[in-house]
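Several structures are given next for inspection.
The following pair of complexes shares a single chain, chain A, combined with chain B in the former and chain C in the latter.
Now for the complex of A and B:
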């Protein structure tokens, strides 16, 4: 049904190469670099995190594109940020080749599909609250899943639905839907990047798979879960090594990855997890590692790489703004915010 | 009380029996009151740290949940938490503490609290849900203890009122009625004696 993915080998020190230049993206690169210059800097985010209260944090955003009403509630902020995210996605996808844009829009398709499938299989109301940023229109989901006409979906989604339904009916465990969809999504990303012969995308997706697998491994260990076959295939790290890590002590995990590019992230994340019983640092370090790779696209004069880097960094910026404002609104400790974002 | 008293020997005997009964009742109710107080203090001592623990756990849960919610995309949160797989049932059993029927809550949970995949969710969500799971156990225990304490407190108040009524109203009233009848009967006895003495004098004269 689906092809086997070969286990790739790490042949770089910290970040893989970002690939070659593509002069068709000359204008797009210039545009995203100009837009990138207007993004919130690390200092601005830290100032927001250190703001006295919510109003003060909102005030710091007033001069930029995130100007928010001072008395806005969280639902209002959420909506504003969702609109912003949609705009950014539309802009970035407009600058990409159609096939690459489809790949990024498929993220919303998979998310919508997960929601619709969970509702269908548990006999819940299908609803209309799906994301409208995907390749498949949000209003079509209810109709397709009500009729169970999965083959009117694009092939990669139909295949994922089939796999998820089979997984669910094995032991009627709702989580199998997520594992199947996550796995199908990762496979689709890798297969598409290989088909498009896009080196940057391939490396990016492998890195994302690795970082997801590392987080998954530590989450399984922390929750003392018996699940083992939930790692995504296609990354640099062999899932067998991750399974082994679940069985050993926290102190012994990081040295196992000393020769891998993820060592600094794992070392910091694991020690924070063991000390604070929290994944904030690990998630922050994983993003920092990915961001380092995205930042290395600066060496490209023109290409799809800076456009993708802009999209991912902008999405993260929106998430960070939401995180800081939510934390400030709920009077959470500044240290928590700093641990997550710095 | 005194207005309705018939100053007869039968009434006196009846009242004396009632005093004995009321005194025994007072004694028993006092003992019940003391025991309920002891039980209530024991429960209240358990409630205080339990409440603190529950509050801290709920605060921790909400703090973690806020962080997880803010760092995840809204559609991922929706799909992750919409269909929980942990099933929870609560069995209410009643037991008796000093004849007060108090509930005992027995909880039974099955299935895992983490009901989603790992790719699009935050580890903080796992931590939040696990903290909630822990807090829930303590929360049920707290609910049980608080309900027990409330029922015992109501019973204690009622018993205390009964003891007070016996001690300060019923027993003193009965005793004063007994004294009244005793005095009346003694007065009648003296009256009778003096009348007989007078008749004897008249006969002798």
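Now for the complex of A and C:
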């Protein structure tokens, strides 16, 4: 079983330290810095968002690495972007130690398992349309679920599946699958970062847990849900504070976090949510906070930190390109796109 | 006589191998960083090479000091007639500045060069302005070690 996770204490102003340099990663750092210089700038993404239509937005990408075939439809573009994402993941994982690469590949295992469990437990076709970037091949799922042989999966996944199945059968609530998988994933991340004694990974995962918890809290409040014990353990913010936030007015939420590094994100996100009834700004602010931490890896000349930062930033870039193109294809208001990405 | 020669030659050896270790570690660090940039941008070969070769100088300084010790001992002309233990120890001590300064400055210059290379990956225009200049500042202390060794061996010690 997973061990209990201690509640960490915030001992930094905005971002925690990124840790020490590791000169084994000279080559990797130089390579990702070179690749990072070719990433799309904020201005280019804003220009895409401001494009007149879908074709115009695609045209703006024509000069860079995202050059897409003329008259490509959205499905085709999505496939190209998925291939691109797989390439980026393969490159970044190839530059990392195997144990760290496994940790990042496990993200897809958890996502695949979430989908497979949802389908299995609701008696739907299991299918084979899963991400191929994980550690477990989707072809194995059918056999594993047929025999209920979850322990032939990696241990971290077997635990997650067992918890998700138990959670689901308690009241047949499909959301329990998501909470169990998220919780198991967060615990696996924290436990692995602690085992590897990797300070940067530990801080990154704590920050991701906090940002997920903040979003969960506001979603529960917005939907007036009665669920409370769904917050992930291991972050800096005490879950009791988040539970308290669900019970109070929107205006009173941000001041409760004034001494925390997440105050700017919460303040902007909550104001937008209260005014527009939308989570767009919150999502954008949460990413900006995380991106600020990833950008601070520029301080070091060699280490795993810049490689991880590149991987996460590049994945977000691909996600943003897909988001803008999908929005343009569906004639969404430019203001909505800008609120989400800027 | 034999012991004295052994001490003096040990000094010459230390000057070359310690400074050489510093240079090779520094070159290894800078070389790996440059390879990372060149994997994506082969057209930056010139700038990268300039930054990679900087840590090689420490090894050369150590080698030059070793040569001077050997010249002092007249090794290429049949050897000195008499060498006291005290003079041999002085020669040994004369080799230490370049050996120790070369070892540490070589490693740290390699790291400074790697930093410059990584910076030049993002900002090629800053590669020469900052990357090269900062790495060259580390060189200053290797030069000081070299000069002190040279002065001790050439001026401070009389053999025979």
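What we mean here is this: the second predicted complex is superposed on the first by the 341 of 342 C-alpha atoms of A that agree within 3 Å, B and C clash if a C-alpha of one lies under 4 Å from a C-alpha of the other, contacts with A are read in each partner's own complex, and residues count from 1 in each chain.
Note that in this section a contact is a pair of C-beta atoms (placed from the backbone, for glycine too) under 8 Å apart; a residue touches a chain by one contact, two chains touch by 3 or more.
Note that the coordinates shown come from a computational prediction; the quantities given were computed from them, not determined experimentally.
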Superposed partners chain B and chain C on chain A - clash or fit: fit
First, second, both or neither for A:173, with chain B first and chain C second: first
Spatial angle chain C-chain A-chain B, Cα centroids [nearest 10 degrees]: 160
Chain A: partner with more touched residues, chain B or chain C: B
Contacts of A:216 with chain B and chain C, given as first, second, both or neither: first
Touched partner set for A:232, first chain B, second chain C, both or neither: first
First, second, both or neither for A:36, with chain B first and chain C second: second
Touching partner for A:163 - first (chain B), second (chain C), both, neither: neither
First (chain B), second (chain C), both or neither touched by A:122: first
Partner chain(s) touched by A:27 [first = chain B, second = chain C, both, neither]: second
Shortest CA-CA distance between chain B and chain C [superposed frame, angstrom]: 28
Chain A - residues contacting chain B, complex: 78, 82, 108, 111-112, 114-115, 118-119, 122, 124, 129-131, 173-175, 177-179, 181-182, 185-186, 212, 215-216, 218-219, 222-223, 225, 230, 232, 277-280, 282-283, 319, 322-323, 325-327, 330, 332-333, 336, 340
Complex contacts: residues of chain A adjacent to chain C: 23, 26-37, 301-302
Chain C residues touching chain A - in the complex, by the definition given at the top: 29, 32-37, 39-41, 111, 114-115, 117-118, 121-122
Parts of chain B lying in touch with chain A, wherever the complex brings them together: 62-64, 66-67, 69-71, 73-76, 78-80, 82-83, 85, 112, 114-120, 122-124, 126-127, 130
